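The two complexes that follow have chain A in common; it is paired with chain B in the first and with chain C in the second.
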Partner chain A sequence: MRKWLFFAPLAIFLGVSVFLFTGLFSDPWTRDSALLNRPLPEFDLPDLMQPEQRWNRELLTGEPFLLSVWGVWCPTCKAQLGFMTELKEQGVKVVGLYYPLPVDPAFGDHFSLGQLQRDVQRELAYFGNPYQFNILDENRRLSLDLGVSGSPETFLVDANGKIRMHHVGDINPRVWRQKFEPAFEQLQQVGLAYQGAQP
Partner chain B sequence: MSRFSALLLLLCSLPLWAGQEILPFEDDAKRQLYQELVQQLRCPQCQNQNIADSNAVVSIDMRNKTYELVQQGRSKQEVIDFMVDRYGNFVHYSPPLNPLTLLLWVLPVLMLVLMLWYMLRRRQAVPTSEASNPALEQELDAIIDAYRSKK
Partner chain C sequence: MIPELGQLALTFSFALSLLLGIVPLYGSYTGNERALMLGKPLALAAALFAGLAFVALAYAFYTDDFTVINVASNSSSVLPWYYKLTATWGSHEGSMVLWVWILTLWTAAVALFSKQLPLLMQGRILGIMGWIGVGFIAFSLFMSNAFERSLPYFPVEGNDLNPLLQDFGMIIHPPLLYMGYVGFAVSFAFAIAALLSGKFDSTWARWARPWTLAAWMFLTLGIMLGSWWAYKELGWGGWWFWDPVENASFMPWLVGTALIHTLAVTEKRGTFKSWTVLLALATFSLSLMGAFLVRSGVLVSVHSFATDPSRGMFLLVFLLIVIGGSLLLYGLRMRSVRSQARYQLFSREVMLWGNNVFMLTATLVVFLGTLLPLFHQELGLGTISIGEPFFNAMFFYLTIPFSLLLGLGPWVRWKQQKWQPLIPPLAMIAVAALIVAVGLMAATQSVQANVALIGLLLGAWVGMSALGEVGQRIRQFGQGLAGIRKLSASHYGMTTAHIGFAVMVIGIAMTTTYSVERDVRMQVGDTVTLSGYEFTLLDLYKLDGPNFGGEAADLKVERDGRFITNLHAEKRFYTIQRTVMTEAAIHARLSRDLYVSLGEALPGDAWSFKVQVKPFVRWIWLGGLLMAIGATWSLLDVRYRRKVLRRAAAPSGDDQSDAKKELAHA
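Coming up: the complex of A and B.
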């Protein structure tokens, strides 16, 4: 008992050290999305550029894709456009979910779709356009259902419309290589095998 | 006099919960439920603010959704479940008891039990050691008496 007590402070010190040391490398921002391995939520939203075209969950299934939540007001989203355009050229399907800022009519603000379309076009022409199309998330309703806390955020969705991966922050070469690429390739192969099995 | 007491009352007025948007509610129960919820739900964007305090876009959206759900007559637990379903347990300030959070709940109780056990053991140990030595007791009494008589 006595001997055991003699080593207790050392043991406690080592325990606390290990705990605090691992804390140095933990990121309070990374937490798993509550929607992992669940299907995309139901939605019915217009296309950003052709508002008469409407998108829903069923129209998005069929092949794996990246759902990228972004906005022209968000600097990090600009920074990732170049690399995501490269991904598109490699054959990765990227769908944009446009996250508009709230407008406060009390301050004389109003939402202008035409102005937004011009801003988006200018920005994509300048930084690169990775998007096959953009869905306009009116009132950020789908973003709320997706548990989005800001932008940029990216979801990897499989061919059946199930969410397989979630990333908060920009997509850069390192994140793509380490986090997305293996899973994306696997999903693509599964998809091809599935299509091959279809008569 | 009345002027003085009015001034006094003004000085004593408690800091009010200002900065809340004025939302129409048809009854006070719903208003209270809404206030309770926005103070217990945590903003997923800003680490340690509730959604009542935060003006992040996501907090505004969550407040609006909370208002909408409360107006629909949903219960407190239903609104919390709705948010946890989308944002995970992070979003509520009291984490549920599950294998992951077991340590959080059990550790304080365990510490308390250990402390009580240690205290009881010490208390039992004291009379058996020094206090049972009558010669030492007498010696100590003599020293104390000598000290007191000096004054």
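Coming up: the complex of A and C.
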């Protein structure tokens, strides 16, 4: 019995390495997402800058786009604005989903829309504005439905309104080249065909 | 041309390490003395060539050679020259070259400073170090080539160094940390050599002890610097984050701490033999595991390098060979070992055993906290995250009994100790600790029964008991100066390190309890008051640095109308990497830090500020520094040097008598 006890460390190590091995092949940044290849959840939300304009799922179909969940309170979101603006100039449609954060939770869930609009405008003017428009997730319901766990998060949505890809973390040149670009170009082809098929 | 030479040098170092892995080991099995003698020159040459490779890479960074991919993606021409040099190890590829160089340096050091080792043992140790070198150099050469060029098309400007790494702390943090990680390879090689020879007398422990202490000292300093850097550079005043990468360095530290304590038992008493070997294997294994976790992308962390499954695969196979192989050898060889254990329940052996229990429980806590999310996910149970509250609570409960034991341990003799003689001095120390703790609290804050009081009590108990014990030993050795001189350096080292622990516990308890912070909106001329300090915003202006722009704020701090200091905080925007960095303004005193960081620009020419007063936060790093000083002091012990001379005079056979002498000494 005592003899075999000296093999216990080996057994423990081998057990751990099985997990390390399987862990290698599952990228923690992309784990989730029950939403992949499902349509965007239903929503009806106002535009951030012109609240009388309302957006819903149907209005977003027709061409592939990036849905970027962000907020002025999120430093990494700022960091990606520059590169995403370059993407916009290359013809990538980027839609923002603004995730509001009250400045002080003690004041309740209220935020001043005018103040928020000014903050957003100021930030976008300083770092670059990649967004075609921003949807204001008033009660954070859509973010919840999308399973957003932290910002920034970006979803690639195809022309039919289906979610094709999900990324947690910033969009930088490397992520774009390696992850998004091939899929996006393919979807663009499909999207053109889709538009062609519509009378 | 230079990068190619660098790569060539690294290849040479690879070949030399391969020879080092083969020739002396061959010699150790055939008894071929010439093969054994080759170990030293091979180790020195491998270190030389690895050093040349590192210099070549540093040169490429210094001269902005953007044809090298590694340089182009981690440096830029506008970077100040010193950051260009530190960018050498700012990326995964470059840091591997540094890692390899440090590993070959340790190997060379073993070859140079092991004259007292029997040639056979020396050959085995160098051979094992050679094989570890082969693994890491192969990883660097084949899986993460730092010298790769992007010819013929190369960028005219680099991508700049990650702004987080543009800091003094970052210049020395990785080299120190690697010195620690890789240094444990030496204790590992000693343990394997002992396993191969089948001899587990106290000699291997004595030889391994100074090396383990040195590695532990570097690791301690590396972790401290990392913590200090995070505090300064991440901008919100935290000093430990339980981030997977921090945990990866903390685990070998904990087990390494256990190891330096059991090495003492094995050296002086000849017991705990199999246990000490296992700890030596585990310490380096955990260092390797840390390297794997950081560089494979299995865990998500702010520190992680670019993830690449093929790299992870290579490292995992390497782990399986090194750790799996050594643990298999351990299982096979250890069946025959018997310790002649003769000690009572109340003895120093049992005290040190207690130390091990706590150290390993702490390791287990960190291990589970770090890897449980991975297990959970791979078992298909979904994503969970284990954060600070878990670690903090566990460590809080572990620290209390551990500190009580630490105050008692050094007083207890080997073999057996009677209770009665210890009661008067320890009772006095307990009373004194109570007075000091409450006094210190009354002097800085109001006296309350809280975590800070517990921390102060424990810290005072450990610190005063360490001082009292050293005082008592000195008195035993003789009057005044004679006694002071007679006590060994390693004893002073131990006392210093224990006091370091006490200082750190006090720092942690006071900071976590009494830190105050406020997020405020300030315009020029506004004043905010926080625990008696009045912070006035004097000026706000635009910044214009070499590779960054941004905003800066000047503040004035007063207390009771008395001027304390001026503070200068910055919010930098690094233009190439498009990253925002907070440069906090810190005014440090032993009793408190004033910490101001710039938040966001607010409408109406105002900014949001985070203002913090953090009492005793310096004590945390001071404690770490004392621990490292303690380790260094122990290393200076004549014991480790005298042996060289004695052994040179009398080649073998005085091991037993030596051990006996030391027994009598202790």
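Brief remarks on what is shown
By definition in this document, the second predicted complex is superposed on the first by the 155 of 199 C-alpha atoms of A that agree within 3 Å, B and C clash if a C-alpha of one lies under 4 Å from a C-alpha of the other, contacts with A are read in each partner's own complex, and residues count from 1 in each chain.
Everything below uses one rule, namely that contacts are C-beta pairs under 8 Å (C-beta built on N, C-alpha and C of every residue); 3 or more make two chains touch, one makes a residue touch a chain.
None of the values given here were measured: they were computed from a predicted structure.
Once the two structures are superposed, chain B and chain C can be ranked by residues of chain A touched, with C on top. Legend: residue contacts after superposition of the two complexes on their common chain; A:144 is shown touching chain B, with no touch to chain C. Look at A:133: by the touch rule set out above, it reaches neither chain B nor chain C.
In the superposition on chain A, A:16 makes contact with chain C only, not with chain B. Residue overlap on chain A between its contacts with chain B in one complex and with chain C in the other: 28, 31-32. Note for the complex: chain B touches chain A at residues 44-45, 47, 56-58, 60-62, 65, 84-88, 90.
Listed in rising order, the residues of chain A touching chain B in the complex are 28, 31-35, 101-102, 139-140, 143-150.
Note for the complex: chain C touches chain A at residues 274, 278, 281-282, 285, 292, 296-300, 306-307, 309, 312-313, 316, 319-320, 323-324, 327-328, 330-331, 334-335, 371, 374-375, 377-378, 383, 578-580, 600-601, 603. Looking at the complex, you find that chain A touches chain C at residues 2-3, 6-7, 9-10, 13-14, 16-17, 19-29, 31-32, 72-73, 75, 78-79, 81-83, 115, 118-119, 122, 127, 174.
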